[in-house]
Each structure stands twice: as structure tokens, then as C-alpha cells.
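Common to both upcoming complexes is chain A, partnered first by chain B, then by chain C.
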Partner chain A sequence: MRLKTFLLGALILFLLALPSFAGKYLLYMTIHILLLSVFALGFNLLLGYTGLLSFGQAGFFAVGAYASAKILLVIPSLLMGTIAGVVAGGIAALILGYLCVRHSRIYFSMLTLCFGMMIYSIAWKWRDVTGGDDGLVGIPRAPFEIPGIFSIDMNSMGNYYYFVLVVSLIAIFILYRIVNSPFGLTLKGIRDSENRVAFAGISIRNYRLLSFTIAGLYAGLAGSFLPPLENTVTPPLAHWTHSAEPVMVTLLGGIHTFSGPIVGTILFYLIKDIIVRFTQYWLIWFGSIVVLLVLVFRGGVVIFFTEKIWPLLKRT
Partner chain B sequence: MGELLRTEKVRKYFGVVSAADDIDLQIGEGVLTSIIGPNGAGKTTLINLLTGNVLVDSGKIFFYNEEITHLPIHKRVKKGICRSFQIMNIFPKLSVFENLQIPVLSLLNQSLSFFKPLRRHTDVNERVEKLLNEIGLTDKKDLAAGTLSHGDQRLLEIGLAMAPEPKLLFLDEPTAGMNPVERVKVLENIRRLSKEKQSTFVIVEHDMDIVFSLSDRIIVLHRGQILADGKPDEIKQNEDVRKVYLGEEIFWEKV
Partner chain C sequence: MYLWLLAAGLTLVFGVLGVLNFAHGSLFMLGAYATFTFYGKLGLNFWLSIALSLLSVGIIGAILERLFIRRIYDLDLPYQLILTFGFILIFDDLVKMVWGGVAMIPPMPRFFEGNLSILNRPFPIYNLFIIFAGIAVAIILWLLLEKTWWGRMIRASASDREMASAIGINIPILFTTVFVFAAMLAALGGALGTPVRVVAPGIGTAMIIQAFVITVIGGLGNLKGAFVGALIVGILTSFGILLFPVFELFIIFVIMAIILMVKPEGLFGK
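Take a look at the complex of A and B:
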């Protein structure tokens, strides 16, 4: 336990010190890692804790990204953009989730896939609002400010990195508290045996909807990080292939551990970054490696290390 | 002794098979009732209908004179009806302690608490300890429920059904697959709780020894209809019941 706290502290210190020695590219990559971590952690609240596999999370990610972009184009305030992204992602998840959570297993997955693609086609066709296939361009990286109190310029990559880091850490901490709370335990119960939870006097549907909405809030938050970073948002963000990213990294890291999605995300970017240096057909290689890792590390990389490697090290 | 639950012409057909055929039934407060009947008589279906697992085709169900026919499961539980399952229904990946925390949290309306860590919900944890003590699983509370022996899992199942502190508790074959020692433990629990008038028990059981020694009242089901209903002595004398159980004549002699 003490070792775990020490490692966590060291990691956070490392992340805080990163801009002092890292170049722009590494910071850019780390922002992407944080972004996908938040996205995948929210997704895993559904998969690992509630037992629902959603293929439509990119839809809520895109809603968050577009909402944040729209706000930033009108009001140059980073905080407003982030809040808009979170709220929009949550509301979209609440509405569509209401229709999805009456089903489970494959039926739920197919419904989320459909609704996700519906958001994709809206982003594609509703030219007046979304800019169609051009997307929204020229989104400013607005300063982080509360008028009259303080204002921090975000033009340097380092400052924006700190913003994303702090917001992500807060979000991750809150989610950690959620999964270790009574609500989190009840979700795990729903995953293992719906009927038994119903006979504890709990409305399965409402709890699933709440879990779905929280996942939507996290997808929206992750989405809101993107426009200020890339200065543009485009419809492929909502495509189902983008929904596969959190699925993949979560399976890689492990669905039954809290840190699984984070570890999976780091591996994802490491592998991707190395392969693209050698070949443009990186997806083929990447796919093969993921298949291999999932086969070798059953239950995910994290479980493999905590249950197989760690006891070995302890003994010697 | 007040009336707890009442059904009016409750009917459920699966295709052409009648699982419940216009059943009129009353269950009184504090009367330990057993439901018996040959395989396929509709015992489990009756429990499913009363607890909300399956909805009725027609007819009405009242609990404390309030209609509950169309209420979903969780609302019936909040009113005071709970059950255990014939087929094991626990949370296998969670520890025994966590298993019991889920219904106790719900009972104390703390399931939606999403930020305070579980271990700081002391009132919940005290109640769970008490329940563990009652079902005799205190020393196994940290084990994953799926790793328990069959008998212990049955005990946990009963603990889970008792946790919401229901007024009316259906136990579907509570002692199936238990060894004699565990069986006695469970039956003592049921007898004691029934005496203390905390809950009214309705039990589906195949073991006639248990049924006749424990029950205040026995209901015999056959093809979705109530064949006989009365005190254990009356049921023993009933000719119709003997006919249905003809193949088990020896069994009856023993009783």
C-alpha cells in the first residue's frame, strides 16, 4: 500500500516536472494520453463496473468537442469551453442513454453503435452548425480566466499541458472515489447479477442510466480537451472507429482494475509511436500486437503484473 | 393476525401450459407457510408472480390491501417483499461482506452516495456484521463469494434475501444441496426469525420432514391450482394430496 502511494506520488511529480525538460512533441503526446485516459476511464465505468459494452462513446466525445469548439469560437474562455463540453456530453448521454439502458448485452451495444453513428451523420450533414466535412476550424486556444480575478495565457504548449493535467487528475480522482463508493459497489452488483440487485430494492435501469451519463460526462470532458489543442474538429471524431479506441486500450490494460485504461492508453501511444516510424501500415502491426498482448496478458496488463509478476518479485 | 398478501384470480399461462390458474390466496402475518407440489406444479412461478419477476396475465395482487400487481421488483422490495432463488443468485466476484453491503446500503438509502468511501459508512457495516453473524459466515467475510462451498453460498443467498428486512420473505428451496448440519442451521434461523415476528416466511421445499415440522400452514399446488390448503395435520389426511403424491407413498408413511 505504501509502495503504491509512493509510485503514484512519483508519477504525479514526474508529470508536473515534464514541461521543464520535455519538448513540444512529448507534451503534445502526453496531452493525448491524458485525454484518452479520461475518455477510457469513463468508458470503463460502463464496461468494467456496470457490465455494459458501449460502442457509441465517440458520439459523446464528439458532442463535447463540438460544443466546446462552438463556445470557444464565440466566447474566448477555456473554462467555458470545457464546461460546455462536459455538460453537452452528459446531456447527450442522458437522453440517448434513456433509450439504451432498457437493454443489456449485445442489444445495448448495437443501440449505442447506432446512436453514435447518428451523431456522426449529424456532424456530417448539418453544415450550418457543424461545418459539415470541413468541420470547425480556427478554434482559438483561449486563455484560462475568471474575469476580474485571474487570467492565464494558454498559447504555450506547457501552460495548456498543465491545464489538461490538473483537470484530468481531478476527474480521475473523482472517478476513483465513485468506483469505491456505495454507488460503485452497486454498479458491480448489477454487473454480476441484475436480479439480485433488483431484489435489494434498486432500480437497475436508473442506476445504469446514471452510470451511462457519468461515462458521457467523461467522454465530453475528453472531447473538450481537443479543440484548443488541434484548433479544429471534424466529423470522424464521432465515427465508430473512434469509439473502438477506449474499447481497445481498456481491454489492453484490463477491465477489472481502475488503472487498466490508463496503462492501456500509455501502451497504445508507445506502440503506435514506435511503429509509425517504420511503416505507414502501422494499423496492421498495431492490431497484431494488441491481439498478442490480449492473448498473453489475460485480464489485462495490470492484472498480469499485480497477480503474476509482483508476487514473484516479492518472494525473491 | 392481519392479512399480509392477497391474490385475486391470478393467472399465468406459458403457451397452453397453466402455471397459475385463477389462484385465490391469502397469506397471514406471522404464519409460516410452506408451498409444496410435484415438479412443474407452478410453485416457483407463483413466487415469481408475487415478487414481480414475471407479470401476471390477469388477476390482482394486494399487499397490505394495496394493489401491487404491476409494480416492478425494486418497488415491491421497498414495500417489504423479498425472496431467495432456487438457482444460486449471488455476486460471485465480490467478497461476502460486499455481497451483503449492497442490499443493506439500499435499505438505509445510501446506495446513491457516490463520493464517501464504503468503509466510512459505519452504520451500514455494523448491520452487515450483524447479518454475517446471523448466517454464520463472519469468518469468511473477506472471501470472494464464488469460492465458497455450495452450502455457504446458500446461506449467503438467504442472508441476501433477509438483508432488506422484508415483511414477507419467499425462500425457494432454501436448503437444496445442503449438508444436514447447514440445514439445521438454516432452519433454526428461519424458526427463530419467524418467532420473533420480524418476517413472515413462505417456503418452497421438497423435504417433507422439514415442511411438516416447521410449517403452520401448507399449500399444495398441482397444475397451477391450489389442491389443498390447511394445517399440516389436515394436509396429511387429505385424499387428493395423497393421490398426487402416490408415487411417494413411502415418504408419507414416514411422516
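Take a look at the complex of A and C:
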């Protein structure tokens, strides 16, 4: 336990110190890693803890991204944009989740896929609001300010990195507390035995809906990080192939551990970065890794490490 | 109608094998590319090229089932979806490596060019041909499943896998044949679709969503439903583009969502 805290502290210190020696590209990558981590952690609350596979998370991600982009285009305030993204993602998830959680297993997955694609088609076709297939462009990286108190300029990559880092760490910490609260335990109970939890007098549907909404909030938060970074948002954000990203990194890292999605995300970007150096056809290799993963390391990398390699290291 | 061919294979695999195959659209894409190569590039006979593409995609299907899909029958749904999703990535990039990333328009067979006039409206002969081909496949499928020994074995193992294997049906081999058959249906859809649409990497992911919509409307694992679902989606897309071009895609998903919420087993489910 002592070692774990130490490692965690070291990691956070490393992340805080990163801008002082890392180049722009590395910072950019790290922001993306944080973004996908938040996205995947929210998703894993659904898959790993509640046992629901959603294939429409990209929809909520896109809702967050578009909402934050819209706000930023009108009011140049980063905080407002982020809040708008989170709220929009959460509201969308609350409404659609209410319709989705009555099913589980395959029908749930299909329904979320369907709603995700619905959001995609709105983003694609509703030209007046979403800019159609051009997307929204020229989104400013607005300063982070509370009027009358302070204002931090976000134009440098380093400052924006700090903003994303701090918000992500807070979000991750909150999720950690949620998962280890009675609420999180109830979700695990639902995953393992729906009937028993229902017999204990707990409304499964409400718990699922709450879990779905939290996942939507996190997807919205992750989405709201994107517009200030890239200065554009485009419809493919909502496409179902983008929904597969959190699914992949979560499975890569391991679904039954809290840190699984984060480890998976880091590996995902590492693998991508390494393969892209050698060949432009990196998806074929990634696809093969995914196939291998499902056939061989089904528990994910984190479980593989803690159960196979860690004991070995301890013994020596 | 090629939507029907695609959805038929998807629903067949789900009904019998219990696997929802994300990579089914990629098999469709492979079929399209194979026909494009045999017919458009090598200049073989149209029918021969279709037969060759069916054969090659069938072989790919056999390899897929034997080596990979077979191992995941007992796994949870997420793993099944993710494994087949991995194959989408692999096939998409393979296609890009072999044929390049540009969309290509294959040539139309000479004897299918031109129009027939039906009810005083011009109607392309090729579309007529595809409609008949689709109906023919529907009839053949029905005959195969209802009247032949193979069909009976499939229906038996779809309703009770253990019992079927206890009375001496070789389930692994049966499942391979079903998967290969479904792969060939998808390839046929791709092959017949080529002369009227473009061939591009990524059509797999676009097609599979349509196929999902159709199978959900008709009921997962229900062939009759898939046929009707394909008709509904086909008609809606073509009239939708005419009447309300902005919301055509949206409406299809609304219908899918309503069916999933109200009657998840589909229009024709029991």
C-alpha cells in the first residue's frame, strides 16, 4: 500500500513537472491521454462496474464537445465551456439513459449504438447549428477566468495542459470515491447478480440510470477538453467507431480494476505512436493486438501485471 | 436489396452461432473489392468474377471462424464485439494496403446497361436484376432452411445446441458452414452492389450499421424479419432522401430506437 501511494505521488509529480522539460508534441499527446482516460474511466463505470456495454458513448462525448464549442464561440471563457460540456453530456445521458436502462446485454448495446448514431446524424445534417460536415471551426482557446478575481491566459500549450491535468485529476479522484462508495458496491452487485440486488429492495433501473448519467458526465467532460485543444469539432466525434475507442482501451487495461482504463489509454497512445513511426497502416497492427488481447489476456494488462508478474517480483 | 443479403448473413450468424459479428460489413467490403479486381481489373467474365469472389470470401470466412470466432462462443458479449471489431480494423487496413485508399468506381457490365420502361418510367435493368437476385436468394434461403437436411440441423442447433450435439450433429463443422455461408451472402451483396456504388475502404463500417438497423427492426436472428426490415430501410432511405433529405438518416435510427424500446425482439419476434 505504501509503495502504491508513493508511485501515485511520483506519477502526479512527474505530470506536474512535465511542461518544464517536454516539447509541445509530448504535451499535446499527454492532453489526449488524459482526455481519453477520463472518457474511458466514465465508460468503465458502466462496463466494469455495472456490467453494461455502451456503444454510444461517443455521442455524449460529441454532445459535450459541441456544447462547449458553442459556448466558447459566444462567451470566451474556458470554465463556462467546460461546465457547458459536462452539463450537456450529463443531460443527454440522463434523457437517453432513461430510455436505455430498461434493457441489458445485447439490446442495451444496440440501443446505445442507435442513440449514438442518432446524435451523429444530427451533428452531420443540422447545418445551421452544428456546421454540418464542416463542423465548427475557429473555436478560441479562451482564458480561464473568474471575472473580477483572476484570469489565466490559455494560449500556451503548457497552461492549457495544467488546466486539463488539474480538472482530470479532480474528476478521476471523484470517480475513485464514487466507485468505492456504497453506491459503487451496489453497482458491482448489479453486475454480478441482478436478481439478488433487486430482492434486497434496490431499484436496479435507478442505479443503472445514475451510473449511465455519470458516464455521460465524464464523456461530456472529456468532450469539452477537445474544442479548445483542436480549435474544431467535427461529426466523426459522434460516430460509433469513435465509441469503440474507450471500449478498446478499457479492455486493454482491464475492466475490473479502477486504473485499467488509464493504463489502457497510455498503452494505446504508446502503441500508436511507435507503430506510426514504421508504417502508416497502424490499424492493422492495432487490430491484431485487440484480437490477441481477447484470445489471450482477457483480464487486461493490469490484472496480468498484478496477478502474474507482481508475485514473481515479490518472490525474488 | 444488397442490404438484405448483408442482413441475412448477419442475422443467420446471430441466430445460430449467437455471435453478433461486427466484421460482417467488412466481408461485404471484401466481396466488393474482390469482384472489382476480378471483373474490373482482370477483365474476367462477370458471372465468373462473382463466383470467384464468393469463393475467396468464403475461404476467408472459414479461416476466421476456425481460428478465431470459434473460441469466443462462450465469452461475454463485450469480448465478442471487440474481437470482431478488431477484424474491422485489420480488414480496413488490408484493403488500403492492397487497393489503396481512394474510392473507385467499377465498370458496369455491358448487358446490364440501359433502361426498361415500366409504367412509362425508365427503370435501370441492373436494379431490376438486383431485385430479382435478392428475391431469388430469399427463396433459396427459405428452401435451404426449411426443406433440406442441412437446414434442419441448423434449426435444431439454433434452438438447443447441447441437445443437437447429443443426437449426433457435428456442431463445430455445422457452425463453420453456417459462418462461411453467411460470409458468402455478404460477399454476394458486395459483389452485386459494386457496379452501382463506389468501392472504398470504410464501406464496411457504414454498411454494418445499416445491417444492424435492419436486423433489429426485423428481430435479431429472424430471417423473415430481416427481409422485411431491408425493404423498410431501403424504401425509407430512398423516399427519405426525396422528401426530407436532412433527417433521412435520423428517422431510420428513430425507428430502430422505438422498436428496441417497445418490442426488442423485433417486428416478427415471438
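Points to keep in mind about this one:
In this section, the second predicted complex is superposed on the first by the 312 of 316 C-alpha atoms of A that agree within 3 Å, B and C clash if a C-alpha of one lies under 4 Å from a C-alpha of the other, contacts with A are read in each partner's own complex, and residues count from 1 in each chain.
Throughout what follows, a residue touches a chain if its C-beta (ideal position, glycine included) is under 8 Å from a C-beta of that chain, and two chains touch if they have at least 3 such contacts.
Keep in mind it's a predicted model, so treat the numbers as computed, not measured.
On the shared subunit chain A, the superposed partners chain B and chain C are arranged side by side without overlap.
In the superposed pair of complexes, A:Ile178 makes contact with chain B only, with no contact to chain C. In the superposition on chain A, contact of A:Leu169 is made with neither chain B nor chain C.
In the superposition on chain A, contact of A:Arg196 is made with chain B only, not with chain C. Shared-chain residue A:Val291: touches chain C; no touch with chain B. Of the two partner chains, chain C is the only one that A:Leu111 touches; chain B does not reach it.
Centred on chain A, the angle reaching out to chain B and chain C in the chain A superposition, using CA centres, is 80 degrees in steps of 10. In the superposed model, A:Ile122 lies in contact with chain C only, and not with chain B. By the document's definition of touching, of the two partners only chain B reaches A:Thr186; chain C does not. Among chain B and chain C, the chain that touches a larger number of residues in chain A is C. Within the superposed three-chain model, A:Ile83 lies out of touch with both chain B and chain C [touch as defined at top]. Taking every C-alpha of chain B against every C-alpha of chain C after the fit on chain A, the minimum distance is 14 Å. Within chain A, not a single residue is touched by chain B in the first complex and by chain C in the second. Considering their complex, residues 174, 177-178, 180-186, 188-189, 192-193, 195-204, 207 of chain A touch chain B.
Residue ranges of chain A in contact with chain C, taken from their complex: 47, 53, 55, 99, 102-103, 105-107, 109-111, 113-115, 117-118, 121-122, 124-127, 240-241, 244, 247-248, 251, 255, 281-284, 286-291, 294-295, 298. Taken together, the chain B residues at the contact with chain A in this complex read 51, 53, 72-74, 77-78, 82-83, 85, 89-94, 98, 101-103, 105-107, 110-118, 121, 124, 160-161, 163-164. Interface residues of chain C, counted against chain A in their complex, comprise 20, 68, 71-72, 75, 77-79, 81-83, 85-90, 92-94, 96-97, 205, 209, 212-213, 216, 220, 246-247, 249-250, 253-254, 256-257, 260-261, 264.
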